[in-house]
Amino acid sequence: MEQAIYYEDYEIGSVRESIGRTITETDIVMHAGQTGDFFPHHLDKEFAKTTAFGKRIAHGTLTFSIGVGLTANVINPAAFSYGYDRLRFIGPVFIGDTIHTKVTIKEKKDHKKNPDMGVVTEALEVINQDGRVVLACEHLLMCEKKK
Amino acid sequence: MEQAIYYEDYEIGSVRESIGRTITETDIVMHAGQTGDFFPHHLDKEFAKTTAFGKRIAHGTLTFSIGVGLTANVINPAAFSYGYDRLRFIGPVFIGDTIHTKVTIKEKKDHKKNPDMGVVTEALEVINQDGRVVLACEHLLMCEKKK
Amino acid sequence: MEQAIYYEDYEIGSVRESIGRTITETDIVMHAGQTGDFFPHHLDKEFAKTTAFGKRIAHGTLTFSIGVGLTANVINPAAFSYGYDRLRFIGPVFIGDTIHTKVTIKEKKDHKKNPDMGVVTEALEVINQDGRVVLACEHLLMCEKKK
Amino acid sequence: MEQAIYYEDYEIGSVRESIGRTITETDIVMHAGQTGDFFPHHLDKEFAKTTAFGKRIAHGTLTFSIGVGLTANVINPAAFSYGYDRLRFIGPVFIGDTIHTKVTIKEKKDHKKNPDMGVVTEALEVINQDGRVVLACEHLLMCEKKK
Amino acid sequence: MEQAIYYEDYEIGSVRESIGRTITETDIVMHAGQTGDFFPHHLDKEFAKTTAFGKRIAHGTLTFSIGVGLTANVINPAAFSYGYDRLRFIGPVFIGDTIHTKVTIKEKKDHKKNPDMGVVTEALEVINQDGRVVLACEHLLMCEKKK
Amino acid sequence: MEQAIYYEDYEIGSVRESIGRTITETDIVMHAGQTGDFFPHHLDKEFAKTTAFGKRIAHGTLTFSIGVGLTANVINPAAFSYGYDRLRFIGPVFIGDTIHTKVTIKEKKDHKKNPDMGVVTEALEVINQDGRVVLACEHLLMCEKKK
């Protein structure tokens, strides 16, 4: 679905929540295969027993990629992703955990150089089935202003 | 390969570079499948022709995940990943581009609360076959100090 | 996105069109891997040269699965899929073709046994980059009526 | 294995059964990734608990694709797939269920326009480990006649 | 398809050939992801230009796995795979090459300890579209004797 | 990591062990999809109950491919893989088993024709979580001699 959302349309404090998704063993195995990160924390059940968590955990980049992907519903031709700040891996994600993403509009700023653009900061929280935030970050969205 | 690298072992200014990897159409299709982000910028050749880039581009989370994955060679039991700062998507990655990651030790700081730990900041640059930086970020590594 | 759409909400003749997606070699290889159908029409470039099409074609079940998947945007808790009629493979889909799906509400009927339900028939057309219909079918949707 | 089977070779009432295959969580995750259908009925364990089925179910297009794929043993150069009729999702397929496909030759008809061809209707039933039919459809096979 | 083939049924010198399959970039990327072997010979187009082959080559284990897989048509309940001898990577397999496997019954021997069993040696040759053997090995098949 | 290791550098009797990896249902499903080997020994839970092992087992080519892949850490520009001898499937690998690979330098020989090369034989053992060898083979490595 495509829908133009302009700088002026974003309201500070507004919140949207994604649907949920269970992180499976498949997701972890596929992410290892995509990234080449086969560290035993993610892929070796026996090794994982010896760690503080006691079992295999999802890659940080997996939780981030799926957490962001869950928000990709509406194609906004009036904005593009500029980057992320303060990405933090707050808690572990285990096989069988179900996560969803909460997006809160946190800040709006004029673009320093381009008067036709603004920067919207979205606070992303990836939350598990117990309501615990497992990953947080700030998404910087470059948005066109209405003419 | 497992090797303990302590806070004291990291030298500011030291640099390591990963091997390279060509980003394929397969990587993009699999990343869409992993994240659920099927935006036409990544998956629709006809749509992509109408964009500024003129062709399909890799997801930001894909370049980030592979860029980080390329650095996952040595398992360091004396450190863990705390998060990332200033992640920026600087240039597009197209199908057939070959990227590698350059890691520079940028900063070292004592941990604010835990005297046995320090925070090492690694500057990551993902660089394509033309020497262009396409993604940059700072990796925060929590490291044990030697006793 | 979840949104309840009831039997009464469907209007005969109304049309929606999905975004597009390029069918890649990856999609065909992965579909062979998922279904176990490794017929050379799909996976053997040399064999394909000897066929009427002259090149590898997508599996019918692949075009159907992606064509249907492209319409899966809104979760409707007031309806479920009952089945498909008159599924026809009208034209070949080649590697690099870009398809999208057009859905037309074609018919509405009371459920024969359950007065609280109705059956909505959606005509699905999967269309390639040249505007050619490559697959058509009718989707039967069991819908709740408003109370 | 290639073997020419002509219109005359099909006998009404003859039956063949495929080998079995267990539908895994991997299959469902991969099918979501292939089709872009990440509906929580298939991928969200917590959501699934709130549905009538109580657990995640396979996509209809997955059961259909694998059910059909299980029959793809013999390459018949004298026939091609024309389409499917009366495809019905009769029962749920859960993670861990094992399905196989039973094919019964149901009907034979001359082609309306081409005297050298005939249409064979195969009734496909996808059956789970308890003997329950979970999907049924009719496959239309365009077959050459012997000269 | 299941069919019991006993020790006595194998004839020295008899030959069967599999269907063909084109080795795609997808196959190589997926095999890297399955095995964790991301060596630049397979995945880095720029590196590959500097090698004797000049382009990316398939992993030896990929050619072996697909070469063997191509022969997996008939389930023989009267035999099982004991191992392989003299596996040799004779020539490179490039993206886009099409391979098939030729199996020749080479030798038959009584089992040293079990009088009810025999060992059949199959010579496997994986052959590309130019008729060149790219991989060869000997497959040891433990077979039941007829009673 | 790239490091030149010459013929003279290999010491008979020296041993290295890889990290571990748990073989998952995902690995088996993906390997079936890669190779086209959908034999019920690997993919049909109900069939597997009727076999001597009582449950699904990994493909031999999967255990071999992963077992070899686990050793692919250091890119050695002074050597290449010539082949494998005496590959034996010694014990079953079940879903959830964790394997690692032990490599022992077993033999060194001058190359018969090329005085600048030598052949190093590495004994590979793939070992499960109970210390049981499940696969063994000998790897022939063609190595340059120092000048």
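Think of it as A, B, C, D, E and F in the order they're written, each chain with its own count starting at 1.
Keep this in mind: a contact is a pair of C-beta atoms (placed from the backbone, for glycine too) under 8 Å apart; a residue touches a chain by one contact, two chains touch by 3 or more.
Everything numeric here is computed off the predicted structure, so don't read it as measured data.
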Label-sorted list of chains bordering both chain E and chain F is A, B, C, D
Which chain lies the greatest distance away from chain E when centres are computed from Cα atoms alone? A
Which chain has its C-alpha centre farthest away from the C-alpha centre of chain D? B
Comparing contact pairs by residue number, the option in B-E, B-F or E-F matching B-C for over half of them is B-E
So what's the Cα centroid distance for chain C and chain F, whole Å? 43
Distance from the mean Cα position of chain E to that of chain C, given in whole angstrom: 37
Centroid distance [mean C-alpha coordinates] between chain B and chain A, Å: 16
Quick check on chain D: which residues sit in contact with 2+ other chains? 19, 21, 25-27, 30, 34, 36, 38, 40, 75
Among line, ring, star, complete and other, which best matches the way these chains touch? complete
Chain B touches which residues of chain D in the complex? 30, 32-34, 36, 38
Residues of chain F touching chain A in their complex? 19-22, 24-27, 30, 96, 98, 129
Enumerate the contact residues on chain A facing chain C in the complex. 1-2, 19, 73, 75
Chain A contacts chain F in the complex at 25-26, 29-30, 38, 40, 43-47, 56
Would you mind writing out the residues of chain A in touch with chain B in their complex? 21, 27, 30-31, 34-40, 59-62, 64-66, 68-70, 72, 75, 81-89
